[in-house]
Amino acid sequence: MFYHVKELQYRAKPDRPDPVYAKKLQEVLGGQYGEISVMMQYLFQGWNCRAEGKYRDMLLDIGTEEIAHVEMLATMIAQLLDKAPVEEQENAAKDPAIEAVMGGMNPQHAIVNGLGASPNDSAGYPWNARYTISSGNLLADFRANLNAESQGRLQVVRLYEQTDDIGVRDMLSFLIARDSMHQNQWLAAIAELEEKEGKVVPSTFNRQYERTDVSYTFMNCSEGQESEAGRWASGTAMDGQGQFNYDPNPKAQGQNPTLNPAPGYIHGTPKN
Amino acid sequence: MFYHVKELQYRAKPDRPDPVYAKKLQEVLGGQYGEISVMMQYLFQGWNCRAEGKYRDMLLDIGTEEIAHVEMLATMIAQLLDKAPVEEQENAAKDPAIEAVMGGMNPQHAIVNGLGASPNDSAGYPWNARYTISSGNLLADFRANLNAESQGRLQVVRLYEQTDDIGVRDMLSFLIARDSMHQNQWLAAIAELEEKEGKVVPSTFNRQYERTDVSYTFMNCSEGQESEAGRWASGTAMDGQGQFNYDPNPKAQGQNPTLNPAPGYIHGTPKN
Amino acid sequence: MFYHVKELQYRAKPDRPDPVYAKKLQEVLGGQYGEISVMMQYLFQGWNCRAEGKYRDMLLDIGTEEIAHVEMLATMIAQLLDKAPVEEQENAAKDPAIEAVMGGMNPQHAIVNGLGASPNDSAGYPWNARYTISSGNLLADFRANLNAESQGRLQVVRLYEQTDDIGVRDMLSFLIARDSMHQNQWLAAIAELEEKEGKVVPSTFNRQYERTDVSYTFMNCSEGQESEAGRWASGTAMDGQGQFNYDPNPKAQGQNPTLNPAPGYIHGTPKN
Amino acid sequence: MFYHVKELQYRAKPDRPDPVYAKKLQEVLGGQYGEISVMMQYLFQGWNCRAEGKYRDMLLDIGTEEIAHVEMLATMIAQLLDKAPVEEQENAAKDPAIEAVMGGMNPQHAIVNGLGASPNDSAGYPWNARYTISSGNLLADFRANLNAESQGRLQVVRLYEQTDDIGVRDMLSFLIARDSMHQNQWLAAIAELEEKEGKVVPSTFNRQYERTDVSYTFMNCSEGQESEAGRWASGTAMDGQGQFNYDPNPKAQGQNPTLNPAPGYIHGTPKN
Amino acid sequence: MFYHVKELQYRAKPDRPDPVYAKKLQEVLGGQYGEISVMMQYLFQGWNCRAEGKYRDMLLDIGTEEIAHVEMLATMIAQLLDKAPVEEQENAAKDPAIEAVMGGMNPQHAIVNGLGASPNDSAGYPWNARYTISSGNLLADFRANLNAESQGRLQVVRLYEQTDDIGVRDMLSFLIARDSMHQNQWLAAIAELEEKEGKVVPSTFNRQYERTDVSYTFMNCSEGQESEAGRWASGTAMDGQGQFNYDPNPKAQGQNPTLNPAPGYIHGTPKN
Amino acid sequence: MFYHVKELQYRAKPDRPDPVYAKKLQEVLGGQYGEISVMMQYLFQGWNCRAEGKYRDMLLDIGTEEIAHVEMLATMIAQLLDKAPVEEQENAAKDPAIEAVMGGMNPQHAIVNGLGASPNDSAGYPWNARYTISSGNLLADFRANLNAESQGRLQVVRLYEQTDDIGVRDMLSFLIARDSMHQNQWLAAIAELEEKEGKVVPSTFNRQYERTDVSYTFMNCSEGQESEAGRWASGTAMDGQGQFNYDPNPKAQGQNPTLNPAPGYIHGTPKN
């Protein structure tokens, strides 16, 4: 069960309204790697967790924190939209500066949301649950989480560069710090699990059922062999169980497929 | 530019049709972590790559290989659908076994696709581009790729457990091996970049603009302190630049937000 | 079955083209609460109606009217797009006013629709059927309808404020009036049903199977007790069957959940 | 900011696993009117609230409670999936009962989620943000909320009828009771606002700009006049500001639209 | 403006309920090529039509007819769902036949729609507007329409094969006939326009700006030259303005692309 | 299996960056009729092809070519985004020209993609698989393909008109030429199949089960008889098997539907 306190986790107060920036900031609220994504992903991973208690507890700790990040961003966006000049003004059409502002706004911020935040991204595309994963395998999921925090911090940093509003930057500097922690946190949790289970997910699949002759081979399917210069093409593999090798000229090993004709009730194109 | 040869990268031939399994196998073709996702993700990362040549080459190598995986799965699914019993049969309704098969099929395989594969997942939900990311920061993106290969191998392994068809298992054993390689590959590429750049993405943001007082603090936002037992709560942080610490009782530091009333032309609920 | 007459239900003729406004007006055509939504919602409720004849007839009356509203808006948008300056012009790049217009347009209006209306919202997001509901319970559905007409009129009013085109405002004044009627209409239909059935949907569920000890309790899950001041926290409940009460400090009553480990064939993270 | 306690708001423990029912129960977790919808809708309405403090507080109270409902449903679904028979078994294909179970399951519960809940509906369609609204006009939004609780209670009641698992029914009886309260709550809040503002949303639009000649007219656009029998066709309108009247034969009042030809650079079909 | 009569365009009455078939039939109601798609496509093409009057009139004729087809299918589906056995029954779990029926149903038909039709396809995926096109170029759009009627008739024919219900087949035989007419109709309209404009859309683009050296060349980008046997590889091209030719070994003519490094504020991976 | 060469199929190099145009160009990369759509559509049609070998080979030829088109467009877009002025600049807000550029950009190009291309359309909407079809009936599918190439060429031509960048126009002139070929190609393939099978898809359905009394009748469901002037209203039908006729006043032939009440466990509105 959950409880709410009125104060935000951190200050969220812009120096001045900026409806064009409000549109952009939606990306890290309701986008693919926005705060709603990590909130939902961590909570569902926690609720579904069938592993040791410390993982469940940790997932619900961070999932609960992320609700507060969603709250901060929504609050910030609502304030950035204060008094957006969306009203018809006889002379607006003649003033390119006002037109430019309005061209850069998301019109739904005024028409649909009445100058409030929405659970959409910066293109106005709604958040959806396929942005998240809860697989039941924590090593896999922690890699999803590390990715989400990496993409997320990258996006927040880019947004930091796009404003000089001191209040906005103050809040972003907090989110950037939390994303640093969260990258560190997932790196730590991953290290723990990799040490126990090994590096290949899932570790419990019996590898004798795997075609291990190609489990360490880099296949050069595109012209040029620059790819041979990478760590992935030679040396001991990262899982310590094989040697990377490089196939400069991989060949097709399968059949030239021919499909049977469909039965008559399918009304497809006949074979001949 | 691309070229195609007729033979599949590896054998894809089931022992017998199985339309219910065909529906399930769609997950790793057109699902969130299916082969279309990695194909598109790697190709776009390659085409957008502004970094060193070996990365671009490697991304296009693996992206091109993934098209062949999509091809193998599509071919397999079409064969699993051979002669699916979808025709009306006077007695079908009375035979629970046939009804069960048809209840477990995706009806679109017959009605829409004429017993062919489709770019959808196992719930019939269409593949979409928000499953992919190309951010311009390769460390972030390689973490996305490692996650995709981890979730992908996990799903293929689960599907392996759900069939005893020797031909299907043979093909899956190849895909599982390639996913092992690809996890190893991304782990190797990540190691290279982390060594050069450090572990926190993006490494180029000036950390003096970050609220580093909370960059290494785990916040215990949910009751119970099991989460303190993890590697993420104490010791040197994974980036080597700070010490993890644990806040058992994190407090809100921000304002209690109050928003200004909206202008009249918004027709919201007035403040009082 | 349906018939069409050539004349629009009401005038739809702008004084002048305005491609930026055309983009905004798409919201009430193809948005979440646009005319396509109410058209489809009322028609499906009518076609699915298993209740008294007057409801089915009424639903098909209003559903049929809404097709005419879709028609008016599409016609208006096509005219607002007349001669949109989307052609390359050597000097356009140097004229911020033209750039502003084009920045505020939806580029699909030119590229995809050839200066025609589309069934999308003002962010270019396509209309989809999950905007509608037909539940088989008319009291529930009429509440959906009342909401749709309330959000719809609010959006049209906001759009009215954003233009001074007399022709556009004329058409909007008609739509605003119809939305007034339709709010009144659903209020009337709701009153009829509430009188017969009571206020809680569905009325036919045997309330002895409901945990009625919490059927009238407001739970104060967030800090602060301002919420106690509302009508919902004390007095007779609106259904006349209980007394509102206020729990200032609601407690969790359920278990601390622990899940069983998954079977081996799931390849999740083991419990220990 | 938010805090979590380990105990669920109410018991969520099924008597026995039932993977087919788990699929159905997803509807009220991640569907159009599921608990994620109300959670997100109330939280965003609260965060965006520019009105009196008691409304903001109340919205955050109930929004916070809804997170706990999401948690209960996720927990229940994970338990319903315990030991789902998704492993290949040589004889499964011959046992129609097992095939039937598996035909009725969502295969993603095993393949993607490892026997965990997901933020999808009962057809496997992901939750998305267009299920919610936060308009800045509380009377409009409270009508959305009343509808959501009406559809929600209806769906939970239908699900109650589809199981005889005592543990499941126990949890549903709690959710049904809370939905009763929440319908009552929104009815009360609506009554408060309607008394202050009147019944037509938004109340602040100057009605002299509305074509009030059609603000109280029911238009009989479909054959047959059964619709005349309703409360909406005669008597004082619900807003008390007009008289309902019935137009048995509404006429088109607008122009027969003809559009200008598109400019050449559009390459449309020319007028002649 | 539109009017409705109570009678359906054609009989829609099944001999008996069949909830599994109801799910399948949704495909041609709310699927990619279902009746909602053609209804919306033709109406929008008509409303946007800037060409000669007969085209606009024809488009609105057929668009209006398609609303009636949507109505027939919705009515049929509601009847196929009559008395679907979705209630819990103590013994249902033991009866594989009932389980099979319920496994093959769409659970939303009961939970969400109360045994009514919905604007979704046979996988429960909602209809969306990206299924339609209105481009402003009628030759292009009529080809879209011909395709829609071809896919549509194919799907209805497949559904015809999947039932032996005489009432259902009777209605489908009508829809199949109308789809025959509509294929013929679009073929006729296309022939008219092709005669006037030529066969390549759009006809108005000045072909001197086109790289006509590759306007008639088939490129053999995949191994094997079976494709040379087709009409498309030799002879006069269909537009009568060139000769088809076959390039057995097409070469890349473009650059090996290298991208500039991104500016620092993007925080991408640096070039070196 | 597939192979890649480094060189693009054709030059893709703009004269100068243009981030606003980059947004527009996304339409023909990741839009409904963009190159991803035809790439995926042709590849899946090829992989699913159960007909004669020349069709499979041809489909894979063109599908493979389309991957190269996707590559060219992605490369072009990345270059158009070079040095997009998205960094905060103290004076940007005061310079309407810069604001206009940024208002016309897709903010995701900077925030999400780091100045790279994405698999989205010009409104930022992600590509999805429902844009494609593979039906198993090649005549139907080739009509889909002809439509896709017609819409595609139309969109590219419109984009050609919207730029004066010589490098961009050079690349578009190549794509326009290939679209000319591909329209010709599908026209040729369609002619072959129509000659063999006839013009109505599917040709294999026994027409005695079709209500042929309405298979050649144009129904005038909208007022006015301009539609009678078309080729579709009289003369021999295009399939050569009937005579077009025109029904100026089509009548409903079906029942006035009344539905049975729903069973009690559905909790709908009762019949009376």
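So that you can tell them apart, the chains are marked A, B, C, D, E and F in the order they are listed, and the count of residues begins at 1 in each.
We adopt the following convention: a residue touches a chain if its C-beta (ideal position, glycine included) is under 8 Å from a C-beta of that chain, and two chains touch if they have at least 3 such contacts.
Molecules present, by chain and UniProt name: A, B, C, D, E, F = Mn-containing catalase.
None of these values were measured; they are calculated from a predicted model.
Chains that touch both subunit C and subunit D: A, B, E, F.
Repeated interface: C-D and one of A-D, B-E or A-B share more than half of their contact pairs by residue number, and that pair is A-B. Comparing the centres of all chains, each the average of its CA atoms, the largest separation from subunit D belongs to F. Averaging C-alpha coordinates per chain places the centre of subunit B 33 Å away from that of subunit C. Computed from the mean C-alpha positions, the centre of subunit A lies at a distance of 29 Å from the centre of subunit F. Residue positions of subunit C touching 2 or more other chains: 1-9, 32-33, 47-48, 50, 53, 55, 60-61, 64-65, 68, 75, 78, 86-87, 96, 100, 103-104, 110, 112, 114-115, 120, 123-126, 128, 130, 133, 135-137, 139, 154, 157-158, 161-162, 202, 205, 221-222, 224, 252, 254, 257, 259-260, 262, 265-268. Listing the residues of subunit F that touch subunit D in their complex gives 154, 157-158, 161-162, 265-267.
Subunit D makes touch with subunit B in their complex at residues 1-6, 47-53, 55, 86-88, 90, 96, 99-100, 102-104, 106-108, 110-112, 114, 120, 123-126, 135-139, 193, 202, 204-205. Chain contact summary for the complex, subunit A toward subunit F: residues 20, 23-24, 27, 31-33, 96-97, 100-101, 103-104, 121-125, 154-155, 158-159, 161-164, 221-224, 252, 254, 257-262, 264, 266-272. Within the complex formed with subunit C, the subunit E residues making contact are 1-9, 30, 36, 40, 43-44, 47-48, 50, 60-61, 63-65, 67-68, 70-71, 74-75, 78, 112-120, 126-130, 132-137. By the touch rule above, subunit D contacts subunit C in their complex via residues 5-13, 32-33, 53-58, 60-62, 64-65, 68, 72, 75, 78-79, 82-83, 86-87, 110, 114-115, 125, 128, 130-131, 133, 135, 137, 139-140, 143-144, 146-147, 150-151, 153-154, 157, 160, 169, 173-174, 176-178, 180-181, 183-185, 187-189, 191-192, 199-202, 205, 207, 209-222, 224-232, 237-239, 242, 244, 250, 252-257, 259-260, 262-263, 265-268.
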